[in-house]
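In what comes next, chain A is part of two complexes: it sits with chain B in the first one and with chain C in the second one.
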Partner chain A sequence: MAAKIKSTWHDQLFIALNSLFMLFLVAITLLPFLHVIAKAFSGDTAIMAGKVLFWPLKPQINALRFVVSSNSFSKAFGFSIYLVFAGTAISMLLTLITSYPLSKTRIKGRKFLLLYFVFTMLFSGGLVPSYLLRYELGLIDTYWAVILPGLAVFNMLIFKNFFEQIPDSLEESASIDGAGNLTIMMRIYLPLSMPAVATLTLFYAVGYWNNYFGPMIYLTNSAKYPLQLYLRSVIHLASLSDVEKSTTDIDLLMNVATESVVASTVIASTLPILILYPFLQKYFVKGMIIGSVKG
Partner chain B sequence: MKIEMKKALSLIMILTLIVVSAACSNTSTTTTTTSGSSTTATTKKTETSTTQKEELPELKILTAYSAIDMNTYPNYQDVVDLTGYTVKYDNLPAEDAISKVNMVLATGGGYDIIYVPAPSSNYFKYAKEGAIQDLTDLIDTYGQNYITAMDGYKFIDPLRIDGKVFCLPQPNPGAYLASGNFIRKDWLDSIGMAIPQTTDDVLDVLRAFKAENPGNVDPCIPYVQGNNLFPEMFAGAFGVATEYVIEDGQLISRYRSESMKDYLSYMNTLFTEKLLDNEFPINTSEVTNNKIFSGKAGLFSYSVWGISGMVNAFKENLPDAEYVLIGYPKGPDGQQGVAVAQGYYGFNVVPKSSPNAEHVVKYANALYQEDNFVKIYDGHENVHWEYDDNGNMTPIQPAFGDERSIASYILGIGETWQLKYWTIRLQKDANLYEWFYKMQDYADMRVFNVPDLAPGFDSVLSSKDELTELATENITKFISGSLSIADYQSFLDAYMAAGGEQAEKDLAEWYVQNK
Partner chain C sequence: MHLKKPKDIGLYLLMVPGVLIVFVFCYVPMAGLVIAFQDYSIFKGIQASSFVGLKHFIKLFSQGNFTRILRNTIMVSVYRIVFGFPIPIILALFINEIRTILPKRIVQTIIYLPHFLSWVIVYGLFVSFFSASGSIMRAIYAHSDSVPVILTDSSLFRSILVGTSIWKESGWGTVLYMAAITSIDPQLYESAIIDGAGRLRLMRHITLPGIAPTIIMVLIIRIGSLIDSQTEQVLLFLNPLVYETGDVIGTYIYRMGLGKMEYSFSTAVGLFGSVIGFALMLLANSLSKKHAGRSIW
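Moving on to the complex of A and B:
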């Protein structure tokens, strides 16, 4: 309808200026990426002189080649992929089987259970108790220590809200046809919730991909580091101040990565998760809105 | 539509199953590999233990960050073979290692050795809390090689609490200079001036740089430095290079030194005349690099660790630039010097829960048996290194670089062994080797902060953060001129009242008793 209303010249001017302004904002958010990309493909001497801004100077691809072919990078990459797949699968499963029952009003003690979950969202035991727990369970230095809490209460609530707006009559008719709870959840509710599934999958996948803190605390063998932690270590060592250098092992200082290598590592570790977005985007927006509007 | 849904559903189910089962099987593979390697290790141990009477335990070590898996790197086998102990290494993260140490010490973590990173307040805290074991008698009884490698008790004594030592320290002996002051020789030549020798000469040169802009750059920044309030270029010339200084045989805080005001007004002159980079309080190393290698800087300091990058960056960006080391200028009272950090990289402690304290010291002692040490640290003669015609150790590449890149297997060394066995590592890089030795021409100008080797007084440890913050804020203002040096006394009063007085008193008493 709106398209049929004849727009005046100042409407058009507004739209034009608005678009320009938005494009400008888009450009601003893109510039830091461009800068890092330019650095990844520039010679180190040009970077040190501060000449590289958005276009590579003294172009080279050795830095990227070095990063991608280095053993520690590819290992860390593999571990990250593994964490993302294993973590997301387990988290999705746990989220599903927690949120579905909690979306049913007929469950006794539902309010208490919900409060129980929300409480953990607001208050946590703290880092040392979490570490102690994992230690006593023998999970330190395994990926389980990073994956196992599994469930993010916030995501569980989104999923629960999504289930709640699916009409109860669907469940009734299915049970008349002889379907049990599990069948109803898996074959009726889940297929209807694909937008929510896609959204939460992306949430979890990005969360696991970017998680460096958990691995930093719970993994003790640096050969097991996933990509983000490996990246942080590389960058941290490359940006030590002179004071910090005076108390850092000299052999580490001799092997500090140059700026183009640091930039290449950043690029190589950001690209994979960026690639995931376009494929999930259409579900993503829908899922976010539907899940969040209904309370 | 229905089929598609079914497909999607079963796909998800299958994926979950696969991943979960993969997760399980993967963990079990990890366990088998570890147990596999420990079986080989145990076999090894039984072999060696035929010559030894007692069964040696496996030592679990949590050490500093290493990018390489220390359990599979070529040094590892030497450590096991030469010490007779099977060891299992884990590493702390590169960043914020102390948080992890806190956590691990809360459980003991099953470790026998845990590396506690500097500063020493970390070590003193754990020792006073009773989280780590007393090693005094063990070191005296079983640690003779270790003590030799540490230059005796020099680095051990400062760590005593009521006479007891709770760690095997990893000292930073401050045996060499790791940076130098550089001047653009081509700039000097074009304005016809000589290499400056005193702080007054430097001032003249910097003013001439500013006035004549010999590099023809915009803007010309005569002197570029990082965010250091007491840069090595000038602080030593005024005798305020270290936090505590000795004046008339007494140890006092540098903020109470007579020459502090002279230093501040000199720096203030540099700042107000824009001879000193006015952005210096916020300069990162990246930013100083940009200023130096875009040719805007005439005078600057550079760390030896980045020296190869510096040489190449000059060669490619400013091929006509000439740069020379100028040493450290003399101050108005003829003082000269450069502060070098001395103290500790970290501390190897034995947590309370470990039953193996005695074995830890015996293991360290075996590690520091001189032949063993050379093999583990620098490699085997004629494989990793050889003697050159002058009798100096030189690396054999690529074996040395490939198989002896990390030294974290060693628990730290004192000055003597550092100069004897560490310097070979510099030869991995020709520029580094060359400039390192050029910088050492000024090594006799090193000055140390005497209290760095003092025991951990509560008054010093508890006031340190607040005092540092107070000093940083005020000294920056004095240099930039937003506080007048005439008001210096009120800063000093505040500083002494915030704990500076008690800290100075305790340290001064300790100094009188121990000098």
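Moving on to the complex of A and C:
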């Protein structure tokens, strides 16, 4: 900026107050994490005494070690990894092959096809008909119930908008050289769309990782629960009364002996996102902005 | 010269899987809405189940439950807009005033983070934070006789929902506004500074009007999803002690439909919600065309 704001006393005051405000925001965001981290690494007597706030007391790492090495946690973790990889692969493939043709303004019936997809964002059959459909198809208790319908129309439109920005002349010159649609899409358009591919892959992957609602509805067998659903059971069980506990799944119950174990389960489930997040953040921001600019 | 292009038939073939998937998983359930007008039995199937007309809708409208869930759904959404909508705007305006890059990045990175966590994790964090036997609440209420049980208090439930979603989404909500701020013409600031404007005046008279179109757009979209009660979040926090204020359309359908297997009745509830939601989206879109000059989709 060429012109500078005059550095008066009230400008200084503004900067100071603004910095305080920012510190407040950061603190509000981080405190719930710090509390759970402190709990996960504190001794149970200190937790029971209500002394653990934002720093571990009587530190121990047994709780986290117990969670990570427990059978049920690693099984749920494995299911989530499977869900992320299989789901993201299917979703990205469907998104690619649907958005590429729709980005060609010349194809006949394009308006109708777009309406066909967009309408599903505005109106849906709802929970029960969707459940009954999967029941009829025999998909209940399988991961297919969640990953087969993996085409997110919103993401597909983002990809379509991205393709539309690539000049048509590239397609023309490739086809003069004798390339077919599939070749042109894979060899010319896809390499030019890597920023969009990166962003959408992440959107899908995080979506699958965080999804608990779909699996909760379509998986009735708790032995197949992915991580989020497993975590939900652990949190719920921890807050049950003794009477309720006696009627629930023993296998899960064994794992929720103490608060530090519950806290460790929360930490262990958050860790993958926490570790990857700083590196991936810029792609998300980019994607959010691409998505909001309509083609 | 006629430009040579690969045959378009190939393009249509590429679309077949996507069209089919959407047909099966989106359009077939829409046809399945017909069970709202039947006494559907899972053993008989749609064809053999008998038609009952508007029976389930009449039952729905004559129940006290219904006004309760409709009121809760709308109130939670309205609170989300009233309290949750302005916060990202205010945050964006003040984050924009951090003029050094590194601190700005750090603040942004931290406040975006909760958006990427699942609701289950956020639920876990706050159960631990607000638990009456937990150390935080015990520390806060150290000098009173009893610690309030926040998560099962129906008078606090909506505040908990709105508060936690503000905590989770406000930071990420600034992204669109920050992007809009970067596209404001710098010359506007320069001439105002030469005229002696301070930071607050620049914020009020240049930055805020500069992002007004984005603000209007976001508000319109929020109005369009007024009936969408964010079941994923509510279902986690919900417990029988707070049904009075916290039971929304989505959670009610879940309990009635999949819990009690009242398929036809809960489909009728869902159809009612979907129709209102659809009408609201159409309304939002026409508002958007009129005031923002573009269609939402």
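In the analysis below, the second predicted complex is superposed on the first by the 237 of 295 C-alpha atoms of A that agree within 3 Å, B and C clash if a C-alpha of one lies under 4 Å from a C-alpha of the other, contacts with A are read in each partner's own complex, and residues count from 1 in each chain.
Quick note on the criterion: a residue touches a chain if its C-beta (ideal position, glycine included) is under 8 Å from a C-beta of that chain, and two chains touch if they have at least 3 such contacts.
These numbers come from a predicted model, not from an experiment.
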Would you check which partner chain A:28 touches, where first means chain B only, second means chain C only, and both and neither mean what they say? second
When the two structures are overlaid on chain A, which partner does A:142 contact: first (chain B), second (chain C), both, or neither? first
Considering only the touch criterion stated at the top, classify A:50 as touching first (chain B), second (chain C), both, or neither. both
With the two structures laid over each other on chain A, which partner does A:232 touch: chain B (first), chain C (second), both, or neither? both
Should A:170 be classified as contacting the first partner (chain B), the second (chain C), both, or neither? neither
Of the two partners chain B and chain C, indicate the one touching more residues belonging to chain A. C
With the two complexes superposed on chain A, say which partner A:61 touches: chain B (first), chain C (second), both, or neither. neither
Report for A:11: first if it touches chain B alone, second if chain C alone, otherwise both or neither. second
Taking the superposition as given, does A:128 touch the first partner, chain B, the second, chain C, both, or neither? both
After lining up the shared chain so the two structures overlap, which partner does A:89 touch, if you call chain B first and chain C second: first, second, both or neither? first
Touching chain B in one complex and chain C in the other: list those residues of chain A. 50-51, 127-128, 131-132, 135, 217, 229, 232, 239, 259
Can you list the residues on chain B that touch chain A in the complex? 5, 8-9, 12-13, 15-16, 19-20, 22-23, 26-27, 30, 62, 64-69, 71-72, 89-91, 93-96, 99-100, 102-104, 106-107, 109, 117-119, 172, 178-179, 226-228, 284-287, 289-291, 293-294, 303, 305, 309, 312-313, 315-317, 341, 343-346, 405-408, 422, 425, 428-429, 432
If we count contacts the way the header does, which residues on chain A are in touch with chain C in the complex? 1-6, 8, 10-11, 14-15, 18-19, 21-22, 25-26, 28-33, 35-36, 39, 47, 50-53, 94, 97-98, 100-102, 104, 106-108, 113, 116-118, 120-133, 135, 148-151, 153, 156-157, 171-172, 175-176, 179-182, 184-185, 206, 209-213, 217, 228-229, 231-232, 235, 239, 259, 262-263, 265-266, 269-270, 273-274, 277-278, 281, 284-285, 288-289, 292, 294
Where on chain C does chain A make contact in their complex? 3-8, 10-12, 14-15, 17-19, 21-22, 24-33, 35, 42, 91, 94-95, 97-98, 103, 106-107, 109-114, 116-121, 123-129, 131, 133-136, 138-139, 167, 171-172, 175-176, 179, 186, 189-190, 193-194, 196-200, 202, 231-232, 235-236, 250, 253-254, 257-258, 263, 266-267, 270-271, 273-274, 277-278, 281-282, 294-295, 297
Which part of chain A faces chain B closely enough to touch in the complex? 43-46, 48-51, 58, 72, 82, 85-86, 89-90, 92-93, 127-128, 131-132, 135, 140-144, 147, 186-187, 190-191, 194, 197, 216-217, 220-223, 229, 232-234, 236-237, 239, 241-243, 245-256, 258-259
